[in-house]
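The structure is given below, and queries will be raised subsequently.
Should a chain be cited, it is by its letter among A, B and C, assigned in written order, with residues numbered from 1 in that chain.
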Amino acid sequence: MLKMRSTDLIIRRVFSSLTSLRLQPFSTQPAIQERLETFRTTENSPLNHTEDHIGQFYRIPPETKKQLFLYGGLAKSYEIQTKTFTETCFMVRKPAVDIIYCMKTIDYSKPAIRFVMYGKKGNGKTLSLAHILHYALESKFLIVHVPWVGNWMRRCKESSNSEVKEGFIDLNIDAAAWLIHFKNQNAHLLGDPELKVAEDHVWNKRETTPKDAPLTELVEFGINRIKYASRCVVALAEEIKKLSKAGKCKTFVAVDGFNALFYPQTNILTEKKQVVHPSKVTLTEAFLNLTKFDWNNGVAVVIVDEIAIGEKDQISHLPRYLLGKEGFEHMDPFVPILVSEYTPKELKSCMDYYRERKWVQPLPGQDEELTFLSASNPYRLMLLCNPL
Amino acid sequence: MLSSMKSSRSILKFCNASQLRQFSINSVLRTSSNTTSTTETSPQTSPSEAIQPQKKSMSKAMKAYLERAKEHDEFMKQQQQEFQIGKRHLANMMGEDPETFTQKDIDNAIEYLFPSGLYEKRARPLMRPPEEVFPQRKAAEFDEAGRPHHFLFYTGKPNFYKLLFDINEKIIELNRFEDAMTRKNLQPDPNLALDLSGYQWLEKDLLEKQMVEMLNEKDYEAFIAAMERLISLPYSYRLKDFILMYKKPLMSQTKTFEIPKLQYDEDGRAYITTYECLRKRARGHVTLRSPGTGLVTINGQDLNYFKDTQPREQLLFPLLFTGMLNKVDVEAHVEGGGTSGQAGAIRWGIAWGLRSFVDVDMLEKMRLAGLLTRDYRTPERKKPGQEKARKKFTWKKR
Amino acid sequence: MAAIKTLLNKYQVLATKTPLFSAFIQRNGMSQYPSYYIKPIYKKETQEEMYKSGEVQKMTHIPTRAALNDQTCSVFHDELLTLFVNYVMKDGLKVLTRELVEKSLENIKRIQLEKYHKAKTEEEKQNIELNPKVIFHKAVENCKPLLQLTPVKRGGVTYQVPVPVTDKRSQFMSMKWLIEAGREKERTVKFPEKLAYELIDAANNTGRVIKKKHELHKLCEANRAYAHYRWS
């Protein structure tokens, strides 16, 4: 209960700082120098993105993109778009800026804060998370990023019974793929000799990962020995938490489609063709662990999305409904962040960008019509602009 | 014969069987006929005809014809009497004055006394003077010797072909006049030129009634073609009366609308509600509020109610056309039908409501754009003996 | 077929004799509207032109039909494209068809943008057409045949006689060939992709559809000797 109250205080402080941010007048002098055109900014480092940059596009260098998103994290349609435009640009939007500001100003000695991003389908939650990931990379966080939980729950490559735990299912190939992704994202940090395993991990009679071995060894083991990949992931989660508590590294946990970890209908079937509940999957345990508040020096940003669950249950986009009773209790208390539709300024900026990239033919009166037709939904706008 | 000299039309319109009797029998048998009050005195009887001494023998056809004519005449007289008596009774029943009981009053009375739910209006009970109800018959087309009066009798449709003949004559005459004018170096007066934009050609059935002859589609088209030819001549304004006889005036479309007045709700915002927005099977009502920000609500949800782009474009159409995109709020309730039908219903509702917010020029433009027409199209019914509305069963030679 | 054609010719004759005829009395065939209802003019530019030229006077007394479901005054609306969508459509699935055609336009854009970014000089870049609708119009225009063959029976033998083709018919043939060419593909290739390639080829005066048009013209040239059967 003490812990709850302290997080409560943190949330209140965060909110107050946010509101004070809004009350501050616009600081225009340094910002003007950064703006080339109205929709693009030269400020390519998310460390310096503030409210002034909202609605503007900034470019990500291809190496960073490869490091962060080679194994997932961006939607397929967006990938094709980047290929056509020959560059990767993100739009700076309010939810991302808010979270970045929070991450700059919170006290990391207090228990980890959980942010929950929610919004209607196609409003830009995943891309906002991508922006925040870039910031985390620049700020030297240790990134734990799950690109899309739905890939595990609804499109698993292979499932097998767990050896260690009774009645649990391992998704080994998916776990191994995720470990590769983790390694790729944190390649620059895993070389740090400080990151050591805190205790022995015994996999079987002959193989163990000893104490004080570097973290990379644990990761490599999981990649090489696919049979133990799920257990490896769980172990890794524990180790990361311990390291963060010890102050060796700051962790940034990002999960997209978090509510899929609580939705009872997965597409995973046991050998007897019975539907498996996510709580019976070893991987869920790892990430539920990481999103608890019993560790510090870390931040968790989680997205709850309608698309992560079955179509017949896609009624509301609100977190309480999507997380369900268990999920809500697990996450409570959290900071809800609403990702809303484009504001008129953002929409105009997006259209300017498309026109500059020669994707859309310039016609008079385009913007008003598109605002109406897309109802300011970013995904809808993209679909509408495709044939234009 | 006198009749061949007169135009056939005058025989038609003002001659019925009794007239004929007066004309032919009077001249031959010298019996006094009971002419009914509705006909004028025959212009064809001349003193010389009336004093024909011998009794000429009539052909059998003529006799039979006269029999029939007599019967028809009596029948019509009786019907007329019944109609008059019935009219007075009806007036008494309705408590009106029998003297000043017009046809319109009769119609209202019948609708009140015999309410009918039949969809076909012509199948409902009606009470009309017998001339309107019973079909017109032609008067004697041939005399007692069997010689036809009309010079085009043997065409089978003498009146119609006479009409075409007249048109042709007039064209030739106009051409001659034009030549004469050109020789004098005179131009046709542009101010007098015929403006027939407010008129429509007389329909085939009405023309048939006028001619008292059955016409083909081809005949009708030939007639229209000839009249168009006549109108296209530069001096056609000289024959304005003749041409207008075969033209029906159209009302100016925008003047037939009655634009409702704006109502004001508690916040002082003007609003207009269009009820009964129908398209295919969709039914709904739409409320427009002004001043607004372009907010659209459909059945409580925003534009995401329609998942596809086409319905959304349909809703955009009237607002964009009138330039009221961000100036009105739209609140629509719709049920039934499919996506397209619902979208069409709301579009019509928005356009119909926008009439009150928009000036007259824009109103005319909206009408031309097809926004204000109610789309009454419904699926065609399936016919017996066919698969669907138009598709026939496989044709088998044997 | 021949009977229909003679009928059509007859109507055309009537129409040409009296110019006002066709504007006012439209052959509405299967329409549920009365014959004197005119088609709506839903584009703002067309309406403005009519107001300037004064043709609006004729329309004030004539009722109009309702605008169809796929007609808007929006800037993005293209008549030829809606017609094309209708030709591609099967079983009345307009939503799916529209998506397919939109995807094919998108594919055209991607292909052209790729070329654009590869091009080195400014001149080359300017020559590349990036507007998919322009490419579509060009493709349809380039594929229009000028003559077609009709079977004419003389003396028991059916000859293929070259005959001039009306504008509407040639446009229809052009679009139909493009769609057919888009459908002739391997199972794994998607229709929008194939159609995109066909449209770009046709806009550049190359490709299967242009070849088909040239073959038809050649056949007409070959059957030139029978051309007099049109009137005999």
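Throughout what follows, a contact is a pair of C-beta atoms (placed from the backbone, for glycine too) under 8 Å apart; a residue touches a chain by one contact, two chains touch by 3 or more.
Treat the numbers as computed from the prediction; the structure is a model and nothing was measured.
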| item | value |
| --- | --- |
| Most distant chain from chain C by Cα centroid | A |
| Inter-chain pair with the most contacting C-beta pairs | B-C |
| Chain occupying the middle, per Cα centroid | C |
| Interchain centroid distance [CA atoms averaged], chain A/chain B, Å | 72 |
| Separation of chain B from chain C, taking each centre as the mean of its C-alpha atoms, in whole Å | 38 |
| Interchain centroid distance [CA atoms averaged], chain A/chain C, Å | 49 |
| Residues within chain B bordering two or more other chains | 309, 313, 316, 320 |
| Sites on chain A at which at least two other chains make contact | 365, 369 |
| Numbers and ranges of chain C residues touching at least 2 other chains | 74 |
| In the complex, chain A residues that touch chain C | 80, 84-86, 358-359, 361, 363-366, 369, 386-388 |
| Interface residues, chain C side, partner chain B - complex | 14, 17-18, 20-21, 25, 30, 32-33, 36, 39-42, 44, 47, 56-67, 69-74, 77, 94-95, 98 |
| Parts of chain B lying in touch with chain C, wherever the complex brings them together | 197-201, 221, 224-225, 228-229, 231-232, 250-254, 308-310, 313-314, 316-317, 320-321, 340, 343-344, 348, 364-365, 367-371, 373-378, 380, 390 |
| Complex contacts: residues of chain A adjacent to chain B | 120, 365, 368-369, 372-373, 375, 377, 384 |
| Residues on chain B engaged by chain A in the complex (per definition of touch) | 294, 296, 302-304, 309, 312-313, 316, 319-320, 325-326 |
